[in-house]
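Look for subunit A in each of the two complexes below; its partner is subunit B in the first and subunit C in the second.
Right, the complex of A and B next:
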């Protein structure tokens, strides 16, 4: 019998009346179970959702606790700000604590613009289309007359989504109810309220404020587990812009390049030893020094870049007409491992719809065209094969036949 | 869109006119000043680059009394004993004091001529910070600034325009007194609108907007790009008459199965295929005698 040695010599009156044996189950190391998180299926890291399910899929299931996500802003800072708001809204819905820092707008204004969550019990996301059952009406079977064997194949999975429900959906056209928002605890850091002697101390003031919040609220991993643990979500808006006091975005050879890089180094050290996760947006289109931008990217764990079509010549390109911009994955994290999971598709485009921010792989034009040709009925097929051929196929019409090259 | 901007910016708006050596944006800036004066607003001008007489040239009438010119042209760096406005006074407290000196019920519009001059003597982050504080504070209703793009690095211009709500880039047009303006306007909700217009400024400082230039260039390319219909002008006939179409539909295609067979093939359940194996006499394979099946 595996009786603990200490209880062997004890008189029986000391034993609790409810314990019939002295056998005690040895509990394993305490698994932290915090609402809104789940362990990763790849490496067991604790993950939180970024608020955008497509982005969660890209990052390998979610954002690992203790890491930094860098978002390179698009030109007018519309979509990067949207992702930051999704991240904070997800924190409110999961009852995490928030820390928002900004130099340009008051963090309270950012918090008031959070999108409203769609609180349904049923998941909204569309799974891959199921095969049609035989009780379907006749039209569906006649929909493909020649290529009917392909009818039941699922359509190309356009939106990236993981199968399990982790993360919520938000309605961008409505703002979050004040009651829901006030239920979450928010710490704000608005730079003009923290005057510093020199301009370069703004980052160190931010880091000190973060450290103080983490220690005071007990997010440190080393802190005694007196109460239930929670996650701190940190959103830092537009670091590296001129309003934070450094000249990274103003000069081609900035003299204050070390300010932001030192801050990111300290931030990551702080995050690794606490239960927090950070999203940082940087206006990389203003930073001319590419080497500096590269070192900023290396100092963060995950990095994505948004390139919106607004205002560029790509807006009128028919290839991009369904999307609002391109998304580039600059870096994937290596957390306690040698190799990391790279995304399957490298060409990604995003689209902000009212109820969803979708990130899809960008399919080239002929692929889409063939899918649509196969779906047409028979006589349209034959006729449209001659008309729908795009300019990328060369064809020559001679007297007797049409040759395709 | 230029006329909308001329009619008034929203409170807290920051307009930047970007010009270059090939076309000066000062005429457009004077048109904006004129429009603001006609709207009965007080306008404070920080003049670094041109003198008061030159700026007020063309502006006439009683509204000119609401124009307060702060002379930073004669002594901007404070070399004499009594400078009227120096570039080092470009900070929040000084500017607020300056604007509040002239008592006027409505908050004033601040015009800076030009931002480039200030950027040469004050660091760009400090200028950005001051402008942002001015926008957020209540002393000034709107700010307009002239920026010479070819004098600064791209990052500096980008940082300043990042703060701006509207940016107008002027360039010389095709004809003599015409100019092209590229306008980008950001609304509070985050929506961005872009436009390109040809305009000219008359002597009384009103802006006349003409047709958009992009239409002239692109329309010539469009007729060439129209896809030619390959079924036209052929020596053989690709079209079907009605009887031909009916006959075609009646034709049984070689791999078209009946509906039942299609559904059977389509919806075969995963475990439905079975292999029934009945061992034949020939299938007896005797290990010791490989030539058992030879008929010798």
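Right, the complex of A and C next:
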């Protein structure tokens, strides 16, 4: 089971000094409270945010601890890399530990490109403000006459409250400040630093390194409770690419087609027995074997595929002008329960805005846009009409008019 | 245990055919909910159950079985259930350490070309040791072997021939020798019409297994597309031997998976439609 919520003990809650009343929310002693996590409403699993709130909603509230999210990369690895950075940035903000593995870029470079979080109540390191004492006569102008109970509260919300929020927003145009980033503990695995002789060894070296970190830092569920628990966020970039020594993306019939799948099986075994969550990106557009891609998907719990419009004819298609690409949900897990929560819409599109990565259902084809496209091709003297229409309309084109049913 | 499926298959915890090899398969869908049905059915029928849980952790099966009214931990303590947790055992093989002396059931991971003999040995020793040996404190019914799932063995490097051999040996031991049942899950990903020359490993496995079995339940998505209220269709196929020839009987149902079970209905009679 992914992160059995009831078996890990809970550290004692600290009473916030800023409560206006002496009432404290009664929490069941069996629930653990790790910052940045919340229990799922469906089956009580512990969820973490992926850093993208719309992706959290798609996955059923968040990423369950102990599971793997597979992201099939888009053609130029721009948006999948962005989601990986969101995931790691969310880990920094929630004070989780990070493990980044890459073969192409140095993990330190990836960590330096993390987007800056938008926090109204800024930093994690600011010292907690003391409540103002009510015996300060010089603030008579500020003294509250009606809401005098709130006199003692500080004007600015402290950092304690911000870290308990689930899911944050990031500004993509700025990079995260080094002070915030260095506050989080990061473990890096850069493949050229671990020379291996054969291809299979690169994945087993990675698996071994992961297990070492999990055991050493105490993320194992079976480990004794010496200190408060934390989550390990694992980001594995571009597994299956040729740089990992794998020939999955080079040959139609790879020699050792099961190297990546065996690694994913071992990764699942590690994750199910520890408080960690992994995001893996795979360049699926290079892997020709659909059945192999299917078994890779089945060995990961969540799976999404990104298809960006960059460089394709869809970039200029007026149907898609509001979006940057399509997002396909390949798999949603059903751990510890029979039914999985499938998304309502299957046609999803994403757009990367400066402060948000939005994922929306692809809206129905509006009629006025249809008319404007028709006019365009009439002017160009084109006899044939090629349109991308969603399958919800039936249409018949005759010489004089178009009928929509 | 899904009561509607029991009435379709004509089984109850008190009466079911023995010596059956039941194949659960799916194509671009997920048939694992059927494994939970058979697990809870045979545990309620007081059979001795061996479960090779290769893809999920024990807690997952335990949590779902709890909702279906069966406690796996209790069954394990009483000795009714023997559970092989593939994920746990595989870690000691994939990341070898000096002081490890775990069970060798997943030993094929070291060198998949060798075959699945070690996994079969695990099944055989636990099956036959309970037959002879010390007297059991409780009398259990016929033995049942459940495997979830076989296709992951292909992903871990075993060849199709090795997996077919494994299933054949298991059938010979459990079905013929011990008059028990075997339930195996095999998953498939591609379209049925595609014939990838060299690959299609899971297709070949599925065809080979279908030939050996006496009952298949094939789960697929709806041919008309995605629907929130109907999760897919199940094709139940009985392959019984009557004299010389084989008598096959096929039935098609649509299903919906709930929190605590699954409901099966004739095509077109979903409660969402009527």
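Please note the rule applied: the second predicted complex is superposed on the first by the 291 of 405 C-alpha atoms of A that agree within 3 Å, B and C clash if a C-alpha of one lies under 4 Å from a C-alpha of the other, contacts with A are read in each partner's own complex, and residues count from 1 in each chain.
Here is the rule we go by: contacts are C-beta pairs under 8 Å (C-beta built on N, C-alpha and C of every residue); 3 or more make two chains touch, one makes a residue touch a chain.
None of the values given here were measured: they were computed from a predicted structure.
When the shared chain is aligned, no partner comes close enough to touch A:358: not subunit B, not subunit C.
In the superposed model, A:53 lies in contact with neither subunit B nor subunit C. Within the superposed three-chain arrangement, the count of touched residues of subunit A is higher for B, of the candidates subunit B and subunit C.
Once the two complexes are overlaid on the shared chain, A:274 sits clear of subunit B and of subunit C alike. Using the contact criterion defined above for the overlaid structures, shared-chain residue A:290 touches subunit C, although it does not reach subunit B. For subunit B in complex with subunit A, the touching residues are 123-126, 128-129, 132-133, 136, 153-156, 158-159, 162-163, 184, 186, 190-192, 194, 227, 229-231, 234-236, 238, 240, 245, 248-249, 253, 256, 259, 262-263, 265-267. Interface residues of subunit A facing subunit C in the complex, by the touch rule stated above, are 1, 4, 43, 204, 207-208, 211, 253, 258, 261-262, 265-266, 268-270, 272-273, 289-292, 294-295, 298-299, 334-339, 342, 344, 346.
Of all residues in subunit A, those touching subunit B in their complex are 76-78, 81, 104, 131, 133-134, 141, 145-146, 148-149, 151-152, 192, 199, 241-247, 249-252, 283, 285-288, 310-311, 378-379, 383, 386-387, 389, 391, 395, 397, 399-400. Residues 28, 30, 33, 36, 56-57, 59-60, 62-64, 67, 87-88, 90-91, 94-95, 109, 112, 151-152, 154-157, 187, 189-190, 196, 198-202, 226, 228, 257-262 of subunit C touch subunit A in their complex.
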